[in-house]
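See structure below.
Chains here go by letter, A, B and C, matching the order in which they are written, and residues are numbered from 1 within each.
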């Protein structure tokens, strides 16, 4: 099937502020195919979260277009979203769930979104089991769960809507190191099962290396390098990518402190 | 170790309602970085808090924490505050939490120095500039007049370290000092901590869940799980030949870890 | 972790106040309930018809009229008890209307944002720019003196504070991830406002309302005192005090309704204070949890 990518952005810009606007995203074009996990990496302030928010319609786009299944994504304003094919997982699991509603009811919202689009229904308990929690948890409230468990519930809710695109904005960075990998793996498995695409935003290169099919490196609002994850890791082209990879401390017991880029180096990347 | 430990924790038990730390012993030596690794909830942060007497009310602490000749477990307020900041300083994960948002960096640095060391205003200012220079905050003179929010996360952590070092402590407790930072910024902070430990003969307790960070600067690593230290070994030995199954499990769980890719190593 | 270090001292300081606040809240609740009971049942058991003028005029408290009689020979005690049935329900009604109106206006302004917010909040500012009592007087006077119009005037001046509070809470929650998540799942703005946001507004608004009941009683009595509210011969506390102005020697005519207002206002304020304390530690605990949580 030679169909259009599930997500395509063309020359997207996002700016904030009035008189002296900050250009968070400067003309970014990306594609996410069905069943593909695309990672977007970069340091804080590079614009990766702004891009994620623009993709789902939370952020107004200055110029350019975002196409979901070939259709422009409407802003998430005062109009009700009919096409619930884009779902999102957020960074902070503590604010991702409504603290006053039972987790089962919140997952039911996801299921309802799927059935409203004419897709098969399912049960909240099944989804909880799918993300590794007991089905009986449906009647419990978010505060009864740990951060990692809350994130799993948020993932269950998003996936229950059977999205065609899952946008994950730093979904594991607030979690314990020991649960980070398993949550990332879970997200990858679930989206692949659905045949959905995933845009995975992270500053954690080690996780990205393990799970992403393709990786995009973002610096100061622009994509400076993109490619197959393995290729990018093996032969980074852009000096910024090289510096990023070199800065990761290897858990090898060597006592080597990774190099930290100097101010001159930083300037040379731009 | 030939030298004497500056801080020694022995048979430390902490319970808050239920036992959370059960019988920990750990020695910190000048000029060395001792790592305390483990998942959150393993009790590693509680241990470092106990050193400063910063546990929540209702916490029961037994055992011994000795800083030089001073026993810190059960010490009164005065003893603790003489030790806190002066002999034992602390750096947290979130630098914003340890910096006062409405006071300039200069005030926070000089206040501390003047109160603990009794320096004159001018001498305190001089020292503040030196400290900021040492932690590589650019334009230290100008930085004194600025407020925490005017700095990036990495610079804020450097300032927090400068404040921690202000009174020449013997021990620095660093609780996840780089967890909130980007990797490139983290590398700089790790370098700084490593250098400071060496040149100031500072005993550093590095609490982190990140074994990459551990591997970079810790001289010795203690792995903690459910309130007990399950394994304790020099860095190279721990990473190349982990003994305890839990340590092996931790190393294997690392994304892109060597153990996972080449299981026979 | 730093914030939790600070809590023991902070908690201790607050606990001293709280020791007294809970009993005061109970006292407040008992007094308020007693007055509400009186308001509901007074017509069944008061010794005299509160508007009948059959007794000797200006009689001091005595066996025949335990709180005396007023200048036209009405029993002060009967009027006082019947007055509770006028003032308290109206105050509750007025606060209820203000809460609903204000909360809705604020929630819509906060959620919709942009020009809707601008317009609604400028109207709110406009109302708040005038001194409450003076504005209420002007409105009541221009509508014509009656108890109903006094209530309308009081609603007009008291809804803006609810609008402010509800708007600020809605604004802070509007961008919360769970609100965004349910919008992405196809929630309409109204539904997300109702299920995700308004439940969080209820607590603070309830506290504000309970503190406002006292103010509402004062405002209604004040308008009646000025002749803009209850009209004779209605037994209403403010107009009873107003009637006492003609006969300063007959202290009982004014003092007892004054005491009645005092006790009711204080009772509701105690309740409000206690409610505020009950909600406050919750908010504090939540903020601590957020600070010490596993956020990167």
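Following the convention adopted for this analysis, a residue touches a chain if its C-beta (ideal position, glycine included) is under 8 Å from a C-beta of that chain, and two chains touch if they have at least 3 such contacts.
No experiment lies behind these values; they were computed from the predicted model shown.
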### Message
If I average the C-alpha coordinates per chain and also across every protein chain shown, which chain's average lies closest to the global one?
### Response
A
## Note on the structure
By Cα centroid distance, the chain farthest from chain A is C
### Query
Which chains are joined by the largest number of contacting C-beta pairs?
A-B
### Task
Go ahead and note the Å separation of the Cα centroids belonging to chain A and chain B.
32
### Query
Between chain B and chain C, what's the gap in Å when you average each chain's C-alpha atoms?
52
### Summary
Per the C-alpha means, the centres of chain A and chain C lie apart by a whole-Å value of 48
### chain B: positions in contact with at least two other chains
40
## Note on the structure
Contacts with two or more other chains occur in chain C at residues 294, 296
### Message
Residues touching two or more other chains, restricted to chain A: which are they?
### Response
176
### Query
For chain A, which residues count as touching chain B in their complex?
43-44, 176-178, 180-181, 184, 203-207, 209-211, 243-244, 247-261
### Query
Taking the complex as given, what residues does chain A use to touch chain C?
56, 58, 76, 78, 80-82, 84, 86-88, 90-92, 94-98, 100-101, 106, 109-110, 112-113, 116, 147, 154, 157-158, 161, 170, 173-176
### Task
Please name which positions on chain B make contact with chain A in the complex.
39-40, 153, 182-188, 190-191, 194, 209-217, 219, 235-240, 250-251, 253-258
## Note on the structure
Within the complex, chain A is touched by chain C residues 112, 176-178, 180-189, 195-196, 199-200, 289-290, 293-296
